[in-house]
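Letters A, B, C and D mark the chains as written, and numbering starts fresh at 1 in each.
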Amino acid sequence: MNLEVKIGETVLATPLVGASGLFGYGNEYEGLLDFTSFGAIVTKTVTLKPRQGNPPPRIVDVGVGIINSIGLENVGSSVFLGEVLPAVDIPCKLFVSIGGETPEEYRKIAGLFTGSGRVDALEVNVSCPNVARGGIAFGSDPESTYRVVEGVRVETALPVIVKIPPLVAGLEEVCRAACDAGADALTIANTYPAMAIDIDRARPVLGGVTGGLSGKAVKSISLALVWKAAGSVSVPVIGAGGIETADDAIEFILAGASAFQIGSVVLRDMGAPSTIVEGLRTYMQGKGYGNLPDFKGKAAGEEDTGGEE
Amino acid sequence: MTCCSIAKIVDNEQIRNGCYTMKLEVPSIAGGCTPGQFVLLRGLVAGWPYLRRPFSIYSSDGETKVDIVYKVVGRATSIMSGMDAGEEFDVVGPLGNGFTPDETCTHAVAVAGGIGIPPLAFFCQKYVDLYEHTTLVLGAATREELLVPVGLVVQGVKMATYTEDGSKGCRGTALDGLAGVIGETALEKDAVQVIACGPREMLSEVAHLCRERGVACQVSVEEIMACGIGACLSCAVPASAGGYLHACKDGPVFDSSEIDWERWLET
Amino acid sequence: MNLEVKIGETVLATPLVGASGLFGYGNEYEGLLDFTSFGAIVTKTVTLKPRQGNPPPRIVDVGVGIINSIGLENVGSSVFLGEVLPAVDIPCKLFVSIGGETPEEYRKIAGLFTGSGRVDALEVNVSCPNVARGGIAFGSDPESTYRVVEGVRVETALPVIVKIPPLVAGLEEVCRAACDAGADALTIANTYPAMAIDIDRARPVLGGVTGGLSGKAVKSISLALVWKAAGSVSVPVIGAGGIETADDAIEFILAGASAFQIGSVVLRDMGAPSTIVEGLRTYMQGKGYGNLPDFKGKAAGEEDTGGEE
Amino acid sequence: MTCCSIAKIVDNEQIRNGCYTMKLEVPSIAGGCTPGQFVLLRGLVAGWPYLRRPFSIYSSDGETKVDIVYKVVGRATSIMSGMDAGEEFDVVGPLGNGFTPDETCTHAVAVAGGIGIPPLAFFCQKYVDLYEHTTLVLGAATREELLVPVGLVVQGVKMATYTEDGSKGCRGTALDGLAGVIGETALEKDAVQVIACGPREMLSEVAHLCRERGVACQVSVEEIMACGIGACLSCAVPASAGGYLHACKDGPVFDSSEIDWERWLET
């Protein structure tokens, strides 16, 4: 049975990818996770300059998932390149997530990471606030998405994956803009803007006030976004959001995803990566599928009479 | 070495209203943990919240069993209070950096506020022989809220109890207790090592007092955690050097001077 | 203690409103629900002509909530006016939800329902697919929202509430467009486009393919939307999405909601309306609040450093 | 009258692999339910899915107790199978319209496929005296899958058992059984009333056969439900008149001619 997936020219051994922000810069889970289940790990988003991130609390458990407001804390590109990257030692591909405050910053950092040897692909996090436009995420409109991705594309020969924020009215247009600008794949979706309020103190729980919801709660929303996106672009779509079991992952593949990311579930269950990959194999065996394209997008083709109400 | 395994409940007993000790069978952790380290638990029962929950190690037999002491404050701890011997947790640990005993000191003073007792009790149990004098200061608002887990008495450790209403021990706070002990020892400041665990406000006051007196002080802090291993950057604690430390990996035990208390109290 | 809320000129006895689509046309739960806990009930969305709705299955339980794809089945405006409305007999206000395929249809139906006597307000469901624009919801852009609401406003003196769909990039602009067109209040938000796939049959579970997610899963996302909207408009905001307990409702009020809707929770627990209103009273008593404005929006005012990641 | 109350488990017993009978104490329902009606249950335990689940009433003592028979197929039913006497459900019922017995008929034939037995057993129990002959046809793939709840034997009801592999009773399906009985009676078609419950495909075939023979047929159907009272419009069943019926309110018992079977089987 072959679980390989190609993202640009990079071949992943399995379609399971560790989501950005949950696996540090690659080494943190050494000895704790079965990295052979992974096709790749995406690093925490790295920006040109180091970022301190948001004040605590940075995470809140809402039962059906978690809301985080880390604030893109990261060591910055120089420390990452000089100290962190050389030490990374995992038996799967390494994708580096990049972020910036201007298209120029994205372009620069893409240039810096290209040719470093150890980086197998760049994941462009366009959920970062566009400072010039009052902090709205770059990815929330097609033009800014295009501008960011275009710059990155010029600078790198590495596969470029664009990670789309979920609260977008015209998801298809944003996805197409990313592809037109040269994206090799799309990750759909990032976390969902959300918040929690401490009713006793009458104030937001998170230091950053709002944060991003991930985990079980968002699965069926992300699945619909993947379904929509996969129907409108031809590059591979990497599903993300609330995937916790093999069945969840299979739903995403049937909806049209070529690969999928897991994040929050690992905070609950470090065995999840192997369980998911094993479950995927069992399903494929049961159905007689020899490789992923045998069932990728198989649930598509029905007429969608509408998400109301 | 940190690992992820299964912990089986051996015993789960109420100490006083809302506070429990739980004995867990978990050899992978019992074998190699030090005072100040913690574990992350996820109860394998329906209804558990999304994340694991952190608990300091209260004691360990060094072979198969580890004890924790916990207070019921929300969903996870309330589920724990209803669990029985034989039930299981998915557990990660031991995690974090423990206390560093300073053998050049002759006096150790451990200051516990509220539910801060577990790591300090473990410290006293393990390191009592390193010091000439070890004092454990316990503070609480009232006699009812004072937490004295069963088996806490450690040979050679002097217990000093403070309640704000004077209903048990001396009248005053754990801080008064500390001030008393530091004063009373009348020793070189270099001869005293303070370790503390408790509410953030109390720790801040302890840190302040120790800085004033020039006494070394290590604190075990709490911040909401997710991964416990430094991967998710959730557990940020404002650093006096600017930016943030991470409680799970850089701590939970810090030298009190590493923390920017003012910034932290604002959050 | 006073729990009254004013929506336009209509005064609700409590801030708890039954969400559209869960309470039929008003009478269905007779003898089963404590209607005195309610400030109002919103009817199922009514359209000019009757609609058959989507093929079954129309609902799927995803544990953290439910996805529905009813397809706006309703009896149509004439049967509603002629047979249904005269029979409605509940001791709380009745809001009628209206929908259409063109701004013109919204306008017409608003006219029909005005002056019927029993209707206390109109809730304009702008999540209906805009047929002229390929089925994208009217509410997903400011202009179409304005066009729909403007027409309704012209036709009616009843309070006009506009119910906003959640997947909108520029939520504030859509909200402001609704207000500029004359909305007296906003309901935020409708269900979240979502789906489930039957991995055994390799096809979508719902007859309508995608549907709308409601229930616990969406609470913290809706809360962030309410927070955002309440900060950008001056009309009352009615929070909706995943409210299941008094604490949930209080979070919405602290975030700036003047009232709140409950829907899915009643499918689990018919006692929820009274439990929630009682819990609200207990909270207010404990805090010494005499009426809702005492704590409405109290959690606001903190700087929002960002929903990442 | 429909109401929402608490049902307490009196007994929960496995009949055969994966199938259980559960006795519930719930006077508000036991007092006034008729065959074909159902209840909506929500287990008051952590881990229950979002919605209640519908179950047909299998029998009622007319005063305090109601029985259901269920098969474990997913999360809710699997939780139910692990529940013990004393545990509780939040319950709504009795719901829906039951079967309408036709006293002008001399023969009643009840056709049960798979887990379709509960409402039919209740029908036979309650209405056996109205007919000269009552036959209960049970069909299943194999002997192991045949569902014969304890206490099913009702005085005066003839049981006809069919298995597809012939391992129990006659070889054949419930439909063959029905064809046999209708043929065998050799009576006026007006003298026979058929009622049926089972998989959608089977019901469609029963409906078809009855239409061919001109025999009246009532079916009890299943469609995913939420409110159970006609408020949410979830439980749509394609109507032969166009549009949709709603299983919870217009049914779950329908005259088989009301349903557009072809359209329904396509979904």
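We adopt the following convention: a contact is a pair of C-beta atoms (placed from the backbone, for glycine too) under 8 Å apart; a residue touches a chain by one contact, two chains touch by 3 or more.
For clarity, every value in this text was computed on a predicted model and none was experimentally measured.
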Contact-graph distance - origin chain B, target chain D: 1
Distance between chain centroids, defined by C-alpha means - chain A, chain C (Å): 32
Whole-Å gap between the CA centroids of chain A and chain B: 37
Distance between chain centroids, defined by C-alpha means - chain B, chain C (Å): 47
Chain A residues counted as touching two or more neighbouring chains: 21, 54-55, 62-65, 68, 70, 207, 216
Residues of chain B engaged with two or more neighbouring chains: none
Overall pattern in which the protein chains touch one another (line/ring/star/complete/other): ring
Touch relationships between chains, expressed as pairs: A-B, A-C, B-D, C-D
Chain C residues touching chain D - in the complex, by the definition given at the top: 21-24, 28-29, 31-32, 44, 52-66, 68, 70, 73, 207, 215-216, 264, 266-271
Partner chain C, residues of chain D touching it in the complex: 1-4, 42, 49-52, 75, 90, 92, 223-227, 229-238, 242-244, 263-264, 266-267
Residue ranges of chain A touching chain C (in the complex, touch as defined): 20-21, 45, 54-55, 62-65, 67-72, 125, 127-129, 135-136, 140-141, 166-171, 190-199, 202-204, 207-213, 216-221, 223-225, 227, 247, 250-251, 254-255, 283, 295, 298-299, 302-309
Residue numbers on chain B that touch chain D, as the complex places them: 45-47
